[in-house]
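In what follows, structures are represented as structure tokens.
Consider the two complexes below, in which chain A is the common component and chain B and chain C are the respective partners.
Coming up: the complex of A and B.
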């Protein structure tokens, strides 16, 4: 009797399983009501206001069709480049110079002599402080995409996102070294650059700092091309960087902290020299969705200049 | 010696694992600290090609060993330990994919869709068990298939069910086989994989439904041994057919059957044919008349089955995502979602295909289901017909013999047989 009951119950359970599978398949309940693969960033776009310690104090609207790059010199003069044009402002935000360039520029930098370095995709133009051409440095190759330039009194460094390498130039425009090539002997990991965002700067101790965006990492090299140190922070939270390749741009504060801008999650933050998150400058709410390429610059008062290519504005942030 | 060989074998297996470690992660994995949960998928991550090839060798080796254990050694113990190995290797280590059961869909899709490129390893997983079955019976089911062996381990208190019920429920795998082939051929879905009950256990992840179905089947399997193999498995249905022609099938007794009846209740799968005494035989004219009658109605059953199933072609086709999308657009029902646009419709709009093109495509697929419905129904009519025929035919038997179709060659029965191989000469 007991055996019959167990068999009966087992068979009924088996039939329930079969009927359930058939119903699930034919009645379409296998379609989830929401897309399970949907990648929602909404929660991450909201940032606790207490963590935002900077406020926007001013905006400058540069008269450039597509502003792309920004730089600030030692006198806090602002340089903005974009499609066929470069505009220079004094520290008060008044336009003092404008000159034409042949094509769209990818980045801009100014040295201590106020000479302007402009990347034109595959080569670099050096301009005098009045905007006249001083030198045109040779075309590297057809794959080159120069996305960032940094200068010292002896060298010029150019980050090439296309060839995934950094070139060290002398002041005459001769390439004297390639930095950052993958090397298993020295431990250099090589750059992972899936999109044309590859920034660099000269740190407070006079060393070269590069972003390895595919690894969400900052890497520190000496001028001989040796990797000295690095840190990486991968996180969708404020503590790090996320997506295929971030941060897209960086700038340096006087205390050695790094200002970073990201795409995907459009935000501007500050990380301490060892990589730890410090504070938020601008939250994703401050930018149009999909904004990418927020170039950064910092003046002598540690005010942060964000070039917003969608709103076509220079946006100036100051600590509250 | 055996121990050393085992250690060497395990070392080889684990050293191959290093192959994956060598691969450097180019990009950091995306972080999902936002609470995003990755949805479980039907297929695991792709395996290294070397491992794929190894899998085929392991499959062939496992089939050979189990066949040897069953046919030559007649060792239930050996088959049991091979079952444990199958669960560990083909189940957990390989994450249950691709398995021979599911591979029949890949093969079907490859036959009907020239754009689909089927890996050779998948073909091997489909063909090898069939070939071994043709020679040695269902030794694949006995100790190689991870789905079957997992259930076998859970068959702790097997009870017998009525043979008529076994026959009736035994038709379900053929229905499942027909549907699996139909949906694979039309590129709609791999339903065997979607409703694979045990893959969640092998991967330690899966949908809630997967675990419920799998858990329930294992629980049922404690009392009704291998419920999935017997009453659902579509590949088992294929092996059932092939095994009937097997050249060297397991026998209960190694020599002459002495009709001691000790093995009578040993099979938890009701796969032992008992001797039929001659007096039970029907009068020849009655049996012949019934045989002729059923033989005549089989074509009729095929036609009725084909016609009936073809009438349901729209119901069958609605599972196809394109047909469903077309229907939702025509009826403007938005998948029943009242608030926001269904993501399928959003995806369709962003893909740039026109509605007319979609409707045309959906109509073509529906027509495929009409033809497929005829074939499916006809096939099921044939199965019903032959089942009826097999029930009606009287087969005179003097010995206890395994049913070559339903016997899974687990070798349980051989332990009950008191006849020794040496008795052959008697």
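Coming up: the complex of A and C.
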């Protein structure tokens, strides 16, 4: 009798041990536990809905594996470039042209003659309106990372994040000036470009405006390379820009205001010409967390086109 | 008999000559062996792939070592040396100062040093770093990812049953050759390609 009791108790003990082992084996790694060291941006990501004065009215899905850059010409035709391809849409969003390129394009711009300027990282390709190659402008150097191009009737400006400089080209592709170079003799501080976000555009008064992202600054240069004016706003709040590389992209509205996009806090905002915050176009909850490289373009009706590289969409925003 | 005598008695010159040859031979054999061992080494250790890491905090809480052998490393080549550093300052700070309430790191394991306007250099104090990855997340979000978590093999027990690897939700831990045990990610051109 005593022996049976001992065997019974042993079996029960063994069973308990097996149950615990099975629990450890199958549920041992609790992979969904909360993170006590969570990096929280919730307060900054929440934006008062009253401040968001734009709404998304349409989306276009470009047939490009990794869309990177967007531009709009004078006829509101949309150009999107990315991995090995450029696609052109008419103002209604219907695809009217597509052509292949040799590698990824990092930015795109169109001049008044509808000639397309495409950055291929370290050199620029000029394409005719039908997509055929017009010219290939030579490799600048192996450090070059061309992240933005702006055109006038006389010049082409290219922002080189790798060399932290802006090149002024003539229309034949000859570099005639370097703008913004650090110079200890003249005290020129140079650009602070920690990562490949360095955007520029031609402003409403025909002057060159560019982002100095390390200083969260907008700088205005004449075509002789002289700094005319600048403003900067450093803040994680809506009034400014934060991190090392913001704003990552800019575009211009017809009243001279600047549309800006940021990484870190994925948001699209509008700042007045003097730098003051005006309104929000798209809040961080409009984008996947970690989205960076939201390229921007504006059409003749001041609709804002945001190229979302994560959702792989052209997203069109209009004032409410 | 005379020959045997001759063999037995080495003069000093021969002795030095033979000793020298023997040393060179032994050195060569040793070097070849070392190189062969390195080439065909089967020794592997655990390392964290920064490209896969999601900074979940498990490296701080699950490592069998106290403190965790996972530490933040700073890839200086990639750093922007920013004043408003997303890895150093807490989100939403009003002043960009070193005051404790402005710092993101829960143990103040990052110190910064003014270089020249507007650049600051950031340095990880290894003894204070707990490997939580909070700074790495901030740097990835607002900077260019120069702060990266890695298993510090000077501190790691190399028990080969890595407790963090078992629970890593991103499966970011992998076996790497022991003679090349670190796995940093990115440089400026790679960053361009990623973005």
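Everything below uses one rule, namely that the second predicted complex is superposed on the first by the 275 of 320 C-alpha atoms of A that agree within 3 Å, B and C clash if a C-alpha of one lies under 4 Å from a C-alpha of the other, contacts with A are read in each partner's own complex, and residues count from 1 in each chain.
The criterion applied here is as follows: a residue touches a chain if its C-beta (ideal position, glycine included) is under 8 Å from a C-beta of that chain, and two chains touch if they have at least 3 such contacts.
Everything numeric here is computed off the predicted structure, so don't read it as measured data.
Judged by the touch definition given at the top, the superposed model places A:162 against chain C, while chain B stays out of reach. Contact with both chain B and chain C is seen for A:43 once the two complexes are overlaid on the shared chain. When the shared chain is aligned, no partner comes close enough to touch A:272: not chain B, not chain C. When the two structures are aligned on the shared chain, A:196 is found in touch with chain C, with no touch to chain B.
Applying the stated contact rule after C-alpha superposition, one finds that A:145 touches chain C and leaves chain B untouched. Of the two partner chains placed by superposition, A:53 touches none, neither chain B nor chain C. Contacts of A:91 after superposition on the shared chain: neither chain B nor chain C is touched. Of the two partner chains placed by superposition, chain B and chain C are both touched by A:236. When the two structures are aligned on the shared chain, A:291 is found in touch with neither chain B nor chain C.
Overlaid on A, the two complexes show chain B and chain C touching the same residues of chain A, namely 28, 30-33, 35-41, 43-44, 192, 194, 214-216, 234, 236-237, 242-244.
For chain A in complex with chain B, the residues that touch the partner chain are 3, 6-7, 10-11, 13-14, 16-18, 20-21, 24-26, 28, 30-41, 43-44, 192, 194, 214-216, 232, 234-237, 240, 242-244. Against chain A, in their complex, chain C makes its touches with residues 55-58, 60-61, 79-86, 91-93, 96, 104, 106, 118, 132-134, 137-138, 140-144, 166-167, 169, 188-189, 191-193, 195. Chain A contributes residues 28-33, 35-41, 43-44, 104, 106, 121, 145, 161-162, 192, 194-197, 214-216, 234, 236-237, 242-246, 263-265, 290, 292-293 to its touches with chain C in the complex.
Within the complex formed with chain A, the chain B residues making contact are 26-28, 30-36, 39, 159, 161, 165, 169, 172, 191, 194-195, 209, 213, 216-217, 219-220, 223-224, 227, 231-232, 315, 318-319, 324, 335, 337, 343.
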